[in-house]
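Look at the two complexes coming up: chain A is in both, with chain B in one and chain C in the other.
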Partner chain A sequence: MKKNKALVAPFVLWAVLFIVVPLVMVVWYGVTVEQTPAYTEIADDNGQIVFRLEDGTVTPERPQKTTVVSLENFKRMLEPTYLKLLLRSLKIALITTVICLLLGYPVALILSGRDFKRPGLWLMLIILPMWMNFLLRTYSWMSILENTGILNSWIASLREAIPAFDSWLTSMGVGKKIIFLYNENAVILGMVYNYLSFMIMPIYTVIEKTDHSLLDAAADLGASPVQSFLRVTLPYSLPGVLEGITMVFVPAVTTFVISQLMGGGKVPLIGDIIQNQFGKSSDWHFGSTLSLLVMVVVLAFMGGLQRIDKEEEPRKEVRIL
Partner chain B sequence: MDNRTILSIRDLRVVFEDGFTALGGVSIDIGENEFVTLLGPSGCGKTTLLRCIGGFEKPTSGEILYKGQNIISLPPYKRAINTVFQRYALFPHLNVAQNVAFGPDLRKEDKKKTAEEVSRMLALVGLAGFEKRRISSLSGGQQQRVAIARALINKPDVLLLDEPLGALDLKLRREMQLELKRIQRESGITFIFVTHDQEEALTMSDRVAVMSAGHILQLGTPEDIYNEPQSAFVADFIGDSDIMAGTMVRDKLVRFLGCDFPCVDTGFGENAEVDIVLRPEDVKLKPMTDPISGVPQGVVESLLFKGVHYEMKVRVGESVLLVHSTHARPVGTQVKLTVAPEDIQVMHKSDFSPDVLKRHAARA
Partner chain C sequence: MKKLRKAYIALIMAFLYAPIVLLILYSFNDSKSRANWGGFTLRWYKELFSDAAIMSALGTTLSIGVLAAVISTILGTVGAIALYQMKRAPRKVLLSVVNLPMLNSEVVTGVSLMLLYAMANIQLGYLTLLLSHVAFCVPYVVLSVMPKLRQLDPNLAEAAQDLGATPMQGFFKVILPDLMPGVFSGFIMALTMSIDDFVVSFFTTGSGVSNLSITIYTMAKRGISPKINALSTLIFACVFVLLVGLNLRDFRKDGRSQNKLNEVKIPY
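Right after this comes the complex of A and B.
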């Protein structure tokens, strides 16, 4: 046993260094603010510049910024502006997750089918784009969707070729250039594209591992293919579904790159605001407070998921991150 | 077997995609309330035949008539036949009662009636009070009983059992063999049982079909199969046996081990090449002082105590014979061997002689 404990040490060190310390720092920044006491510069009797504080005391030293514990940022966080952003983030993440589930589950199901030839190749094709740089992938979507982009030029040439199509679009109130980018839908599209494989993989892994004899047994007992799916495959794949939901929802709530690129800054999410605090606004304290808020929301969400998982079968923990 | 035929299999062939013939034209009629065992080594096609009946394997050609109707094109869930799978295939996300109630629930039967029926079935298989238990908390034998209850509750006319006792230890196997036989008698259901264990087949069955290389070699009562094997393969597979080449000199006289033996077989012609099968308990050892003459002589090479009897290996020239006897002869003893005429099994040399089958088994 003692030996085993020694083997754990590197991990403990790693965990402290990269999980505990940053977390403590975020909490510390979150519950503190920087303050500089208000003062006025005056000249004293000797013509020296001194500083008079609000309470009337006079000091020769220029008052310094101090870090004080304060819940000020928590009050600020609850302002409607930020809550609205959080709600929009949750909404977009939720829609993304649902679309990923609706698209990903059938794909996983088909790939794990007993008679499906070469599922490995298809999985590879699904994962392959994910090996490219994330920004690159998102930029290519932008070049497809932008006003002078590929999609618009295709539609334009279709309109020229088929007058009926053109007049139909015009009658529907569609302008010459269709604006695909810089709205919520574009952000959702970007998220679905980037996170879909994180939904497919865990579901595929679970269904693929399911014992095919269970499906035989269900059929043997009189279950039609649909009933077999509902009563065996679906409950079986639930852990994979929950994992997929986590893998998509959590990054979708916190992302800022996709909303900046696909949303063009018009659809700011909570992640954008947090990023802003560490960037332009350089208010690490408020940024940390907002991070804590997101963290609590994500934890609550995962707690809920874990409860579903537990009801189904007491098995593994839902992974954090 | 005067029972009405419930299942009639006609010239069933299964050829796999890679060209391997799993079933090479199998025909068998199975009666109501009959316990039929498909017996054979692995790769002989017995499980494939069972999967065809259950609907999990599509035969290349042939017919499966169930109560006179060809059911080849029916999917498994439309067949009134249930299966107990080799590894039970219980649903681990459901408890014992939910597993057993799977069939009735699908048919949307009354919940209360189903619950009562589940309890009755669990009592039948000796698991009364196990309703709420998780599958993972059950032993192998208990899971097997749940699988049987889950199949029986649907009141099938035919129950297919695919080596259901394979994973159990010997004592449990013996118990379950008797248990299954009892359940089959009490429920009046036709059982088609697949196994590679000849003892199991002989103990439980009304009839045994010995299969090899995708064919049924012999179909008959356990006594027939044991006492009158029609081929060297069947003799070799069922129980211990001494198989050797011989010559049918003329009717009722056969030569093997260098000696002529009177026998009861006729109709092989003169000087025909045949296979000879002797059961080890039918070979009698006599001391060299015995006055009998014209019989093979040998030397005891090994002696093992087996409880009920001694098992000896006796060398006669090039051959080594297995002999069972209640009387031990020390290693090195010279003996004379005798066999009663009716204990000599004479068989035509067939396609299914042991070396041909071994090659097929290696391919499978």
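Right after this comes the complex of A and C.
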């Protein structure tokens, strides 16, 4: 193709304006605070009101808020309240990722099996729920799980029908209404539900592409199905697994909607606090500092994953040879 | 073993579809409360179309979705070609810049764009919403067009020009048709992401402009109107018919399904 530099400039301009500048703004807001210098109102000799600053200077104009560079917000970020929130977000995101991997890997494996009919159709059925607004789907889970919800009414009618079941539950210390919602487990359920397909898709794509004759070769050379899974399929699917982990972990660690709905405000995560700073509390500077923290955590996580990816690669080839 | 596998897939499907089935049921429920069943009704479907707030939110979602998808498809294709023509080192830099929004979480993208508009003194509203949707869609278009460019035979454009085509003709008649599958899947991805987006929209819209996600979020605090359930059921039904239709057609054609949608990367 003929070199056409005319295309480069507008695109670079766009990328700088909408990707680089906004991020620079986050950094700038993150490392600055707004300060109003302390002052007292006094009347001068002519009876005019003037303003005396702490250092003794007197100005006729009311001192304005100024933006100053300060690491104050970084100190505030390290307070136990916020660190605990960050740790909880990381913990919930990690549990969500592990559950998605455990649930999703078998799905990808089964769908890519040679004797599985119409995998495309099933895969499409897995993506399809994403076309229904995720807030609505999460809200729908709430009506399944709430105290007067479907699950509780089913359990109640089961108890009426089977007295043995009722007395067993009572002996286990389970109350008449089981509280499913508004705790960490509910938030995790909401996240697993919303992100499971993000795990299945990339793993499926990778396993699907794996040369099936490798499995035949393994079988010919006497490998059991378990061995050929461990030595061929699993190492080959690793890039898909890593991509799936990223696609689940990143949104999970920063979400603020699922935690509000399923957690009912009782399980605030770091995303909720950021949202709060740009809404109710309206402290954009602290909000930006927290955004920087999230950014660093996510990038560190991804960096770690990439390292695993690179370390795995040479070994993979040795195994095949 | 085969039965076990099928049972497992069925179980996962039940998990994925339970809330959706419930939602569809509620859209036919003749009672405003979620707790009881008041009989079958089509009332919500009728009332839906006279609800100004929901209709305007739907209009916003659709118009932003289509506009953002068209603009980001053009911009992303131009970007992919620009990247393809650059030298190695600057390309690497620009590519990592373009990938940033995908690595970053949505919250950070939303917040950063909001700060940009505040600095530029642009009132939050329809325009900022559109610009933001374009901003997070472009990287996905670039990502899906790039591989097609790499597969391109570099001699094609020259051949076209040797045969008397102008560079413009060469591009539209020879290069673009080869890129089309990537451009198309980028467009679909952009559309999907824009329609489904909540987080970035939340931070970058204002002055009364709200799309469906934001309307639903505001409603969730007071209770969601069954009319929204009716609307989602309609949207879901349309997409379902469209996708299953496409998939079955492909299946008949090739024997084993080779759905184009499998190539579409899942947006997140």
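The rule we apply is simple: the second predicted complex is superposed on the first by the 302 of 321 C-alpha atoms of A that agree within 3 Å, B and C clash if a C-alpha of one lies under 4 Å from a C-alpha of the other, contacts with A are read in each partner's own complex, and residues count from 1 in each chain.
As a convention for this text, a residue touches a chain if its C-beta (ideal position, glycine included) is under 8 Å from a C-beta of that chain, and two chains touch if they have at least 3 such contacts.
All of these numbers come straight from a predicted model, not from anything done at the bench.
Novice: Under the superposition described at the top, does placing chain B and chain C together on chain A give a clash or a fit?
Specialist: Superposition result for chain B and chain C: fit.
Novice: Once the structures are superposed on A, label A:Pro235 by its partner contacts, choosing first (chain B), second (chain C), both or neither.
Specialist: first
Novice: Scan A:Gln227 for contacts with chain B and chain C and give back first, second, both or neither.
Specialist: The first partner, chain B, only.
Novice: Check whether A:Gly113 is in contact with chain B, with chain C, with both or with neither, and answer first, second, both or neither.
Specialist: The second partner, chain C, only.
Novice: After the superposition on A, what does A:Ser213 contact: first (chain B), second (chain C), both or neither?
Specialist: The answer is first: A:Ser213 touches chain B but not chain C.
Novice: After superposition on the shared chain, which partner residues are touched by A:Val8: those of chain B (first), chain C (second), both, or neither?
Specialist: Only chain C is touched by A:Val8; chain B is not.
Novice: Kindly classify A:Ile274 by the partners it touches after superposition: chain B alone (first), chain C alone (second), both, or neither?
Specialist: second
Novice: Using the superposition described at the top, determine whether chain B or chain C touches more residues of chain A.
Specialist: C
Novice: For the superposed model, what is the least distance in angstrom between any CA atom of chain B and any CA atom of chain C?
Specialist: Here the least C-alpha separation of chain B and chain C stands at 12 Å.
Novice: Which residues would you name on chain A as touching chain B in one complex and chain C in the other?
Specialist: none
Novice: Any idea which chain B residues touch chain A in the complex?
Specialist: Checking each residue of chain B against chain A gives 54-56, 75-77, 81-83, 85-87, 89-91, 93, 102-103, 106-107, 150-151, 154.
Novice: Going by the contact rule set out above, which residues of chain A touch chain C in the complex?
Specialist: Residues of chain A touching chain C: 1-5, 7-8, 10-12, 14-23, 25-26, 29, 103, 106-107, 110-111, 113, 115-116, 118-141, 143-144, 148, 150, 193, 195-198, 201-202, 205, 247, 250-251, 253-254, 256-257, 261, 271, 274-275, 278, 284, 287-288, 291, 294-295, 298-299, 302.
Novice: Report the residues of chain C in contact with chain A in the complex, numbered from low to high.
Specialist: For this pair, the touching residues of chain C are 2, 5, 8-9, 12-13, 15-20, 22-23, 26, 34-35, 75, 78-79, 81-86, 94, 97-98, 100-101, 103-109, 111-116, 118-119, 131, 134-135, 138, 152, 154, 157-158, 161, 167, 175, 192, 196, 198-199, 202-203, 212-213, 216-217, 220, 224, 228-229, 232, 235-236, 239-240, 243-244, 247-248, 250-251, 256-259, 261-262, 265-266, 268.
Novice: Give the list of chain A residues in touch with chain B in this complex.
Specialist: Listed in rising order, the residues are 211, 213-214, 216-224, 227-228, 231-232, 235-236, 312-313.
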